[in-house]
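For reference, chains read A, B, C and D in written order, and residue numbers begin at 1 within each chain.
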């Protein structure tokens, strides 16, 4: 390869250091509210797993909604096309936990990355495996090569204590027969997944299978080439809450954000990225994170468009 | 290049010939209602303008909303970023002529490809040039190399006669001061643009600047590289009405459809496509058209993901 | 008094017997699904408690949402104006269990007679008394003079088993801090209230305090004159789901319906009515019940307008 | 009669004089923006046309939406029940010029008092008479006994100049074939009706037919008893924009407000009222007007409940 990522990352980190408006951390649970918007880390993983990083790229943080990508891939690998009977793949056009569209569309969530959709995907994965959160954790450990990855039980407990909206979503979909497990069981599995602690390095590596068209770190296949394309497409159109259009416009890569401040992104056939900074914009995406990815694609030309 | 498009197109045309469910033509104006869902044409244009085609690829049809892409590019080239003060770039999540979101978002349409957004873009282009439809026609003639391209005055008159919904949209946005021209003037310009007659060959060539990162057929630059990326991104997230997520999932290319049955698509840095068949699905996209593009990316691997 | 109710009731019963289109019973729980649309009863209670009836006017049925009126009165009597901090008093304009408006209005339900609003009122009554359903039952027994009135435990159990939508509503409002009790406790109290079995005679008498401007059967005051006016006003504007305007237009009386097929109505200063027939229209109101009340006000001229 | 209105009106005027929070006049056209919230007038008309007044009760003002009641009565008298094929009679649950419900309900406005519904009623009256605004003016002159009543051409012109929202509504309903006249014709008739200048005395008298169960000032019948009841019912459930529930709760009378600051109200079988003060609350109703009517029903006990 001709392009070397290290100087690119250094240049981005310098520019981010000058960024004065950095947003505010999520404040609905204590573990997130203590985040410092000045913190910043970024990692790029080559297809072979080699990782380059800058800043706090090896420091663990709360992955939150970023794990929805892995849960989707694990459920899609097991269930295939029939998964889409339970969840759509259209952008939401509404804030990420909206009940409105869910009602108009009879309990079928618009896509797997809004909370309602992620609950449905978790529900399906748990129904097939009996251990949705365990299957996810095993996968993340294997792909990242980091056996120390784990749930943060305090975060999961905090989420549960503030979980009335997700409980409402789950009961609402259950009223349309779109939930197979008991709601408390589903919520436990769901909040555990949100609570996984990982670093930029871990997540950049774990995302690699989407740049390798479905091939896992050990060379086995998780998704067909077509399914890998599909997951990337859903990330591009639905991965950043109500800002997917703007993210595609600015960054031009499939990406998925979480309220912990992380964003993962994929350059199909080339590399994967993870950036983290806890300050969020009003739509729930990391301010420094989106800026860093915008700079990355502008500097390298590595956009899908 | 190693890939030869001709056998690919032949294979797709054979498969499409076997497609039994082909949708129904749009029926709100006579010129469209007479379309035959069995008609089919497809063209691929290389970056240098070389075109390959199959079926009715040289037969003119009503371009309808496909021209919204060119109007957007022409307005963006002249106005730059401030264009986005008047129109958003987020997927709609609602049927393409919905007033609902327009009201919630204070007269700023969600994106340039829903009718409300296209009215705003036309309004801006007309304000800057005094001849929005003329500027568009000149551009299409130059890029396609076909000086015979023209409006279909009967179609424009039919659209005007059935134009109450678009008149409602325009007045509604005018009530938010988001329309600069008198509403009747704007509607005349808008309906003229929809009425352009062109063939698959014409449109595949005319779209070339989006695969050439902003460079026109004569080598001059219309858009910056970044702007070309942005138009492609908006096409991918918003170009196929309420089915953008599904189109990205199946086809994986920036594309724009019209109720005349045409769809244009872009493989950045590689080629452009236009497919046409008048039968539409319930979301307004050509059934045979989406299927043909799905087959094209599957056979060639030329998806952005 | 000059008007004698008995011949009026007989005439109405005859007309109802000829009514061929009588709707369908609610079918979401077995106890309601077995209702026969041919069943019909009607009772009028004078201010002094004298009751006249026709048909099945002494036969008990499932009161369902009719009890929401009594719960509202009992909560308003205890809490006064601050009750309206938790629930509005505007017509809904949407189906009775809609989540849409609840989201736009930040967890404050539009009025006490949609399910969300009744949950909030029950929640407040339970917070003040520790026994919302018991307080309701005592009140109904005292006002009707029927000490045998009781909950139907099978109905309450059936409702609980199909209670996902109400659970969703309760959790959703809890996420806005508008629910004080644990959700399972609240649902238990709520479903018990819906399960009360009573006859037309019982309900016509129990409603008397609203025609007596707030005075209970024993002469003591439950509501101020102003509060009684207010409850009647809320019944008129919000008492019949999404058909309140039509009910006011046809019947012209404050009324409250339930999916068990009952409707209570008030002629302030004059009398109270209860009619019952299990067949419902598409908006959840008893077909024969609305017709009977329409005939009653037309024959007697006893409308508020 | 035992009750004398004059001391009641004097007492109310004194209390209103102490009212410090009086809202703000409508500001979208100059003629309304110049209104002084300290201005106040109130009139009560007996069934025989005798009028009592206080404050600026003989001073003309812009009647605005108050005239929608008369247009409805005139259209209903001519067309009868089939009028309701074109407009509903359910409360809106949304701000008064909302397009949202109009779209969900296929171009049939919810009720005759939201702008969309009043446009439809005017359209029908104009279709039947060829002179909707002239018919209205003749009626108001006859019922008020004031032959000097007239349109204010400046106000009508101002409304037209700011009429984009109403033009949008009219075109939108035309797209559903629910408008019979050309949109510009309809708007002219509509805005003329809004521009009528009249005093509290004029309007209290002109409303008399609704308290007389349909009988006009000259003893002839405009509406059947049943139709008069129906118009009163629609006023109660839909007459005060998004505050109909609150108005029924506080005032307990059928009423209709206008953004000029007037409110008319009906005590069926007893009297009619008109109150005027230009300061509006955030829902478009006169602050002093609602307060005065609230006091009136509390002092006299003349509520329908």
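The rule we apply is simple: a contact is a pair of C-beta atoms (placed from the backbone, for glycine too) under 8 Å apart; a residue touches a chain by one contact, two chains touch by 3 or more.
For each chain, UniProt lists the protein as follows: A, B, C, D = Glutaminase.
Since we're looking at a predicted model, the values are computed, not measured.
For the pair chain A (Glutaminase) and chain C (Glutaminase), the fraction of shared interface numbers is greater than half, so the two copies use mostly the same residues to meet. We define each chain's centre as the mean of its Cα atoms; on that basis chain A (Glutaminase) and chain B (Glutaminase) are separated by 32 Å.
Chain A (Glutaminase) and chain C (Glutaminase) have Cα centroids lying 48 Å from one another. With each centre defined as the average position of its C-alpha atoms, the distance from chain B (Glutaminase) to chain C (Glutaminase) rounds to 55 Å. Annotation, chain-chain contacts: A-B, A-C, B-D, C-D (touch as defined at the top).
Chain contact summary for the complex, chain C (Glutaminase) toward chain A (Glutaminase): residues 98-100, 102-103, 164-165, 167-172, 174-175, 183. Per the touch definition, chain A (Glutaminase) reaches chain B (Glutaminase) in the complex via residues 88-94, 101, 110-111, 226, 228-230, 232-234, 236-238, 242-246, 248-249, 252, 254, 268, 298, 303-305.
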